[in-house]
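Below is a structure I'd like to ask you about.
Should a chain be cited, it is by its letter among A, B, C and D, assigned in written order, with residues numbered from 1 in that chain.
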Amino acid sequence: MANFGGHAIPGTFFLLYGLWLTVKHVLQHYWRTSQPKGRQGMPPFLRRMEYVEGGFKIFASFVGMMVEQFVVDGPHARLYDRENSSWVKLMNWQHSTMYLFFGISGIVLIASVRTKRVPVGADRLALSLALFVEGFLFLYHVHGREPLDAHVHTLLLYAVFAGSASTMLEVFIRNNILLELFKADMFMLQGSWFYQVGVVLYPLNGDKWDLKQHDNMMFVTMCFCWHLALSLILVSFTASIVWLTTTRFSAKGRDVEIGMRNTSSKTSSQKALLEESDEE
Amino acid sequence: MANFGGHAIPGTFFLLYGLWLTVKHVLQHYWRTSQPKGRQGMPPFLRRMEYVEGGFKIFASFVGMMVEQFVVDGPHARLYDRENSSWVKLMNWQHSTMYLFFGISGIVLIASVRTKRVPVGADRLALSLALFVEGFLFLYHVHGREPLDAHVHTLLLYAVFAGSASTMLEVFIRNNILLELFKADMFMLQGSWFYQVGVVLYPLNGDKWDLKQHDNMMFVTMCFCWHLALSLILVSFTASIVWLTTTRFSAKGRDVEIGMRNTSSKTSSQKALLEESDEE
Amino acid sequence: MANFGGHAIPGTFFLLYGLWLTVKHVLQHYWRTSQPKGRQGMPPFLRRMEYVEGGFKIFASFVGMMVEQFVVDGPHARLYDRENSSWVKLMNWQHSTMYLFFGISGIVLIASVRTKRVPVGADRLALSLALFVEGFLFLYHVHGREPLDAHVHTLLLYAVFAGSASTMLEVFIRNNILLELFKADMFMLQGSWFYQVGVVLYPLNGDKWDLKQHDNMMFVTMCFCWHLALSLILVSFTASIVWLTTTRFSAKGRDVEIGMRNTSSKTSSQKALLEESDEE
Amino acid sequence: MANFGGHAIPGTFFLLYGLWLTVKHVLQHYWRTSQPKGRQGMPPFLRRMEYVEGGFKIFASFVGMMVEQFVVDGPHARLYDRENSSWVKLMNWQHSTMYLFFGISGIVLIASVRTKRVPVGADRLALSLALFVEGFLFLYHVHGREPLDAHVHTLLLYAVFAGSASTMLEVFIRNNILLELFKADMFMLQGSWFYQVGVVLYPLNGDKWDLKQHDNMMFVTMCFCWHLALSLILVSFTASIVWLTTTRFSAKGRDVEIGMRNTSSKTSSQKALLEESDEE
């Protein structure tokens, strides 16, 4: 990961995952609010989205682990080098560990959609743990670096742990669209901040940043807030578009193939439900 | 901000905002308790208050950003000075960033009053984030100052983060008058403490405080508690006056122009409701 | 306070207050569980207990403040000595500040029993703030002392802040007997630990403790756990006695003067309610 | 405890306790979901499990305390050695204190199963306190050790305090199978980590670990995450087996001796309940 690309790849993944979560949760929220009370099953389309998400997580984390292990200068699944009495490529092992937990969260997600036997909220707990482990490994990763280097990673931890905490809250406060969008936002923030870390540590134009200058640290702190603001705008924008599209779409076409229930009295009953939605 | 006035201006703003929040939330609470259960809409008068608050926040934060940028010795929207390889007036940029988030919270407030599509509680989340960002920037701002200087700013952070946390709680525990008044109180405390910081760092009578003396730090800690006590008294006092005035007012004049529902059986039914209000 | 007596007096107060809270909350719990659902008013006897508690707090904190100010070597309400450019007896001022907040919590307690206009939970918030202020002042009090001296005060803070946090929780989770007894327990722990602090810093037999020895610190940490165990036993014991006495008392005498409702079918209906009480 | 065995014994205990908790809570969960709403009593079999658990805890902690005190080089109930003015075997006293609190939690568990007079949740509060005291004593135990030694103990504290926090949450959020399994998982993690601590500090093959090497610390941090992953898999696996066994068992044999209610319409009504269980 010691180059710009090594930060841009996870950054892109997290950004896209944040976008995906925004879209998914807005669709789920639309479904919840347009359903009469009591009905709680998920329509096939939304179930399929969960399968896709879970499957992708399992696949991507498996590929990630393989790449980290069997890349040219990787550890090739060797952990300890007896000859030199030293650990082999601990950094790659750490990244593999992170991927492992995202993989587990994918498995739990699929399991909890497939069967009612998985306790409710287990998928969110697994995702929260994956984020926690990521942050936990980063935390002891930062030790003994240059001030600015440590600082940009510390800022990343704010996004990671805030995401972990809000996902943990979702275990107990389910189907709260605000919490779900906040989680999506934290993934986006994490993604865009990965890019920023790449820019600061491995600048593309070659001008090295002074890793000890206090002004650089002040700027970077402020810059993190700008990323937060941008991610908030991005999430709101995406959510609005998805919401408006879904509303218009399901108002026009009666027989929507995405499997959402669609009685002829829908648009009006739906309005009534939206009217009441702030009483929840 | 490096003078007394630079602390008195935000202090005044926060004090007045705390007062405004006290008045607003007591009126909202009056409305809630005097309504029969089930009815949840907000009367036009209270909606208008939200618009005024949101509009003012947007306006004030826009003006604030402009002033910070285009004041004589400001950065004039220049961020990096290539010639000297240094950041331009980072302090002004930091303040602009703080204003930006209060501006965002104003936009979200108006949006959430206008349309039901904004998730419930989004306005509180936005305000909580604005306070968090303020505290977050202050946190890394305090680094490397004289002990007393750092300490008075640290004390400010207690008010800021307590306000942020209680506003975050309001996302989940809505319409709890105690939480709302606590938030108002934290704004007042922050406002009055800004004055105190001004007095300590830029004393009006010119007698400089010894920034290293331990006794000064002990006094300042205690003084923060006095500000807390005063703000509690101020909030209770304001809330009582608003409550009593509203009760008397709506009991006398039948046809209140503020748009509150006013049936002839109001005063009695309202009493009954108050009687029950501790069961919530 | 720089002697054994100065620690024994607050210790005694806190111990007795913990006992009082145990008794009060068990009686309130008995009343709640023996009432049919829906009835929520408090009987005159329990209201009188609240008045006594509030009144005593106001009286004791007023006396405390007066004593701290006008004792022979006190500050006599003088805060700053212009001649020597120094603060006058800051320790006494700090103690006065602590008393002030307990006084405020007494006022709020009485107000919230007298009138329904005080928001529900305000008394608990006030008590929580009083404990927070006590801990907050202690926190900056400990700075720069000998290791063992600092450590015994830090341990005190565990009891103080745990009490503050659990009382804050009571604002939202009301009438939970476990939380109420935990609060009482934290007061007892605080009280008994005050005695221990006195014993460590001002031993009665004159054998000074070595304030730097590591073993002493280890012992003191463990000793704090013993105090916790003892306070738990004391609270359980007191609560059991009060509960058993009340049950027997109200079963024997039909017409209890303490004003609790007493229908002839009580004992049986009460049993039924206890049977159900774990469903809450 | 200064050898491998001294870490393997508590490790084994905690591992087995984690397994026991998994089994117990899955059985309780099965009972809850297979009962019609309203019925809340516990069947004799589950009550007996609680008695066994409580009794074992009391017995084991009593034996533990006796061993720590009266082992050959133990303190033999002497706390202070007046001749050498030093504390006697503080380590043994600390372990005794830890056992004491687990013993108390056993007593509270039995009491809360026997009588309805013990407040609901008291058993969980007692267990949470036992874990807190364990972590609290460890926290001040770690001071001034070699970096790696301190680090492996710090990692242990994550499991201990996470367990304490989640058990505390159970006081308020009762009968949540996910929280209960998480608690079981934290016990397992603690147990397996005790083994790891033994391996690191007292390696069986005799190759001493370098207690100052940074790479060892990085490995150990990552290794903790692997233990977490393994414990998660172990808990899920155990829970699935118990659940499947119970379901099959109670479907085949009509008249189950474990005392679970067993009407002829059970299997179908149970399915219906499972269908609804995600609405909770």
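Just so it is clear, a residue touches a chain if its C-beta (ideal position, glycine included) is under 8 Å from a C-beta of that chain, and two chains touch if they have at least 3 such contacts.
Not measured: the values here are computed from a predicted model.
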{"item": "Given chain C and chain D, the chains that contact each of them", "value": "none"}
{"item": "Chain copies touching (chain A, chain D) - same or different residues, decided at half shared", "value": "different"}
{"item": "Interchain centroid distance [CA atoms averaged], chain A/chain C, Å", "value": "45"}
{"item": "Inter-chain centre distance, chain A versus chain B - centres from mean C-alpha coordinates, in Å", "value": "32"}
{"item": "For chain B, residues that touch 2 or more chains besides their own", "value": "none"}
{"item": "Complex contact set, residues of chain A against chain B", "value": "29, 173, 176-178, 181-182, 214-219, 221-222, 225-226, 228-229, 232, 240, 243, 274-275, 277-280"}
{"item": "Partner chain A, residues of chain B touching it in the complex", "value": "40, 86-87, 90, 93-94, 97, 100-101, 104, 116-117, 119-122, 125, 129, 133, 136-137, 140-141, 143-144, 171-172"}
